[in-house]
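Look at the two complexes coming up: chain A is in both, with chain B in one and chain C in the other.
And then the complex of A and B:
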């Protein structure tokens, strides 16, 4: 049985007929062909599927698509503006925060919300705790920490100079 | 200095697409008309398969076909071979059952494919699989290495008594035994190297297509070695010429050795695609990955050291048992015995004898994982050193120092298996000790003890072989406008070859990076290659592209000589420009390339174009090395270990991109610490997997892991023209012993001499209880106060 579902994804309204048991991640990947959001496990542990749903970082592998009716969703594809990467994406690039790149979209999406909640004044332990829901097998987290710290600096300093930067 | 050359920490080219979500991982590709494959797996570790009734399932909605082992036998499909020959216990070649792509008549591990269902959607395929009735007759299973040759143990293969497939011996036992006779002290330790799973974040995946027009198979998948997989699919599974199969690998989300091993599913999607005449997609779910990815390590051994009165090593004896799983994977025996040469470590050990017994069990086959035998051998050796230091009440760093190979002894023939190329091990140890504050550790230990905590420090001083598999093919094509396209047999799945190979070519040909295209890994584009494995791409690729670039420049000089009205001998090539010596007449590579593509302007008989493709073999393997130090603090009330710091002074030879090298070190270290501190795969006595998800398999998370301090003490290798050694695996090789030695060191005040990995809170707490618990600790604290 299919239902009609409408939501805003990366700023554009989309409407599709989907089976009621469709997960948000499969809606994004299979129905919309936005394949930057990944599936790395089947127990909501790894966070590769993290997206922004109405302003919060959520794991789209454990979110039923139908519960997102009318919601605003941002995926990794929706972060950059044109050729300009989001400051957090740029920080991961500049600090070698990724290797195979499979978990990376989830880390970037989580990191942006961490910084929006905590600013840039967090200590290492707090950041490592915040990353509890994301697993990376390549980097040993060392450069991910460095990237998020640099991304936080860039996001917060940019916010000070341009107040409307918070919008995605 | 060239802006994009060797030695620069440049941001990676591939990151732009990966960070935008524009990577092309196999599951991102959904060709029109494609269907999904679901693999029905054996729920039993060992069972006769009487019959499979899939009539009802076949009639269910969306189902295109259901195939079983009987169909595979009818189609004469083979299995994958073992790459490593060995010796049977009674002499002669060992028994080598091919790694079956689907069970036929008998299932030999829980998770082995028994049937495949191809349907429009994965849900339909799963629903149909539930309606398949398999007539299993469960049989007793042998699920652990310890039980493999117990009296009356069930046999995995009737051809293989006691489940003992291979008995390999190395070195001269007589000489070693004689050295033990005259030793001032001997020291023995038994070490278990736990079983783990590589768990790349992208699980294995395969897309199979049957190209009706060309009558051939096309595979796209997550793999490290497309060419080797193609060769085995063609020769061993389908028994057709290799050019009847095309294999491509685009973005791959980590491999770590595991994805270098042929697994059943790539063969199954191709087989199914031909049957249903549609593209067939398969992506492993994580729980499926735990069951069906080749696991790694799983090894127990006894290591004995003979020392003279000055604590200098006279000889080493090593007796190991290695698990192979139910079949021999491509490199299963390589992990068991192929890297045994590492027992010589960084020390002068005059005589070594090793025996390795490799056993079948009813578990998924063992395959390589970052190190593939290196961390196993090195961890045992480094534990033996620490155990000897414990026995002699000596500083383990001092025991190591007395036995280190000196820089003046390089190149050093260990007398066992390896000849080390270069390195300065004593300086690496000094630098690591200084960074970690090794000399002042006792103060920190006492400070922790006053807080009721156990603090430990551990060293792993290691050397490992890289680029041992050193042939590779590559090509450079310079187009008429001077743009360059390159290809190799390597595959980039996180190591950054798309960037480092560009850096090499940019350095050699003086071409800016944005004018260099790195070709996808595609057996139609370059039909030969060996793939990425064994820390080889930098060392071998550096030598390969240097050789190819020289050919391009040589031809370019002949063409430039025509343009500049001189002879080729009078042309110099620097930074992308040909110059007629002692003149101001120049031609750029692009200008030369333009003329190269106008054969009318070339001398009679000269071939047009400016391309070269060749294989290359550097002089020999390389030996990256480094001194690793780990510091931990254990809470004896809970058994929880906190890693307080990690320092490594490493020698990777010359480095193409130091930022990428440091990243490889960080990731390698955390994979080694992950195994030492928490990861393990466990089966129950019946061969049922107990650790089947990230809920019960402890992947290292950010909070579990420390900041990692990397220091370099690079000594170029003489074995390839650029002096590169390699960086892929040494982090893991060093971190397993450093992490484990730190935990053992922390437990030492309780009289604990050795503790086996993994150092999970439960296991550490148990060890503390067995040693007398917190009371014993207080007593120790009182004595030291």
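And then the complex of A and C:
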């Protein structure tokens, strides 16, 4: 039996009929065709499916779509404004923070929430712990950390000059 | 995942009513254990009752040396709560070390307690702090609540609504994490109330979380690391799997207990 589900995704209200056992990641990818959110491990470990749900980074492969009824969801597709990448996306691009790119949407979504929680003053140990829920099999993490540090600088300095930019 | 029908209600009362009329129903809290289990088809239910709207189960309060946490408080909320950080820093630290930031944003204390995963962190704290588990079927002492691997004293159709943790004079939680899953291979919560010491062990025991009574006696006599000299965890009581056999887990219990005592002693002056 299907349920009618309405939520806000990347600023727009969407309504679809879905079976009750639909996961948020499948709602995003299959119903909305927002395929930037990836399914990596499917066992709640790799973080490739990370999206923002009502202000928190969550694993969309471990969240029922129905639980998100009325919620506000942001995916990787919702970060850039036009051709201008979000500062964290730009930092990953500029610092070679990816190789194959499969895990990158999840890392970017996690990283934005890390910066919102910790600002830009975190050390490497804190950052490694914060990245516990994201796995990358290409980069060895070195450039990911470099990217997030750069993205954090860009996000926090942007917030200082114009509070409307840099955050969602 | 097998198919199911989805339900939710606004209040605990209506939620329980749904649970009593629906066949083969399960409650869904944060879903960070239940959903993976359902995806693997280790768990199934015809009806899922979502607890997401039960705001009455979200509060965190400290009064009369008791920290009361609502069942739907998420791990991230407990970890970031100034009240918990100040009253029982080891408990805030435990919540902040569960899984990863995304899991902590969804997972709830009540879900962790009700699920009683043998490697979950909260049961160790409940046992060591002598917590009272609040359920819709009445209050249950932690010692009576945890009955084995995924086994609790929670009544049929009942809900965990919260837990009350007495504030200790000193406490520490030390976890040796599995390198991939980050669950505890051995997690030790040590709490001292006056001279009385309680030691909760998770991750290691064959029967789920338990209290290490011999260590409690030794530490009640003398709250110092060397009080544990010569004391051994019994390998026959330990869990064994591809990640660690019985003697290895017994060794981890001994080592992590010493670290917890050292850590709790170091913080005595602050509290």
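In this text, the second predicted complex is superposed on the first by the 166 of 168 C-alpha atoms of A that agree within 3 Å, B and C clash if a C-alpha of one lies under 4 Å from a C-alpha of the other, contacts with A are read in each partner's own complex, and residues count from 1 in each chain.
Here, a residue touches a chain if its C-beta (ideal position, glycine included) is under 8 Å from a C-beta of that chain, and two chains touch if they have at least 3 such contacts.
Computed from a prediction, not measured in an experiment: that's the story for all the values here.
Of the two partner chains placed by the overlay, only chain C lies in contact with A:63; chain B stays clear of it. In the superposed model, A:132 makes contact with both chain B and chain C.
Shared-chain residue A:3: touches chain C; no touch with chain B.
Legend: residue contacts after superposition of the two complexes on their common chain; A:43 is shown touching both chain B and chain C.
Once chain A of one complex is fitted onto chain A of the other, the partner contacts of A:142 are limited to chain B, with no touch recorded for chain C. Once the two complexes are laid over each other on the shared chain, residue contacts for A:20 go to chain C alone; chain B is not touched. When the two complexes are superposed, the chain touching more residues of chain A, out of chain B and chain C, is B. After overlaying the two complexes on the shared chain, residue contacts for A:118 are found with neither chain B nor chain C. Counting contacts by the rule stated earlier, residues 42-43, 45, 132, 134 of chain A appear in both its interface with chain B and its interface with chain C. Partner chain A is touched in their complex by these residues of chain C: 1-6, 28, 31-32, 35-36, 38-40, 48, 50, 52, 76, 99-103, 105-106, 180-182. Remark: chain A residues 29-30, 33-43, 45-46, 48, 75-77, 79-80, 85, 89, 92-94, 96, 98-105, 108, 124-125, 127-129, 131-132, 134-145 touch chain B in the complex. Within the complex, the chain A residues that touch chain C are 1, 3, 19-21, 23, 42-45, 47, 50, 53, 56-59, 62-64, 66-67, 110, 113-114, 130, 132-134. In the complex of the two chains, the chain B residues touching chain A come out as 11-12, 14-16, 18-23, 25, 27-28, 30, 199-203, 251-254, 256, 285-287, 493-496, 659-660, 662-663, 666-671, 693-695, 699-703, 705, 707-708, 731.
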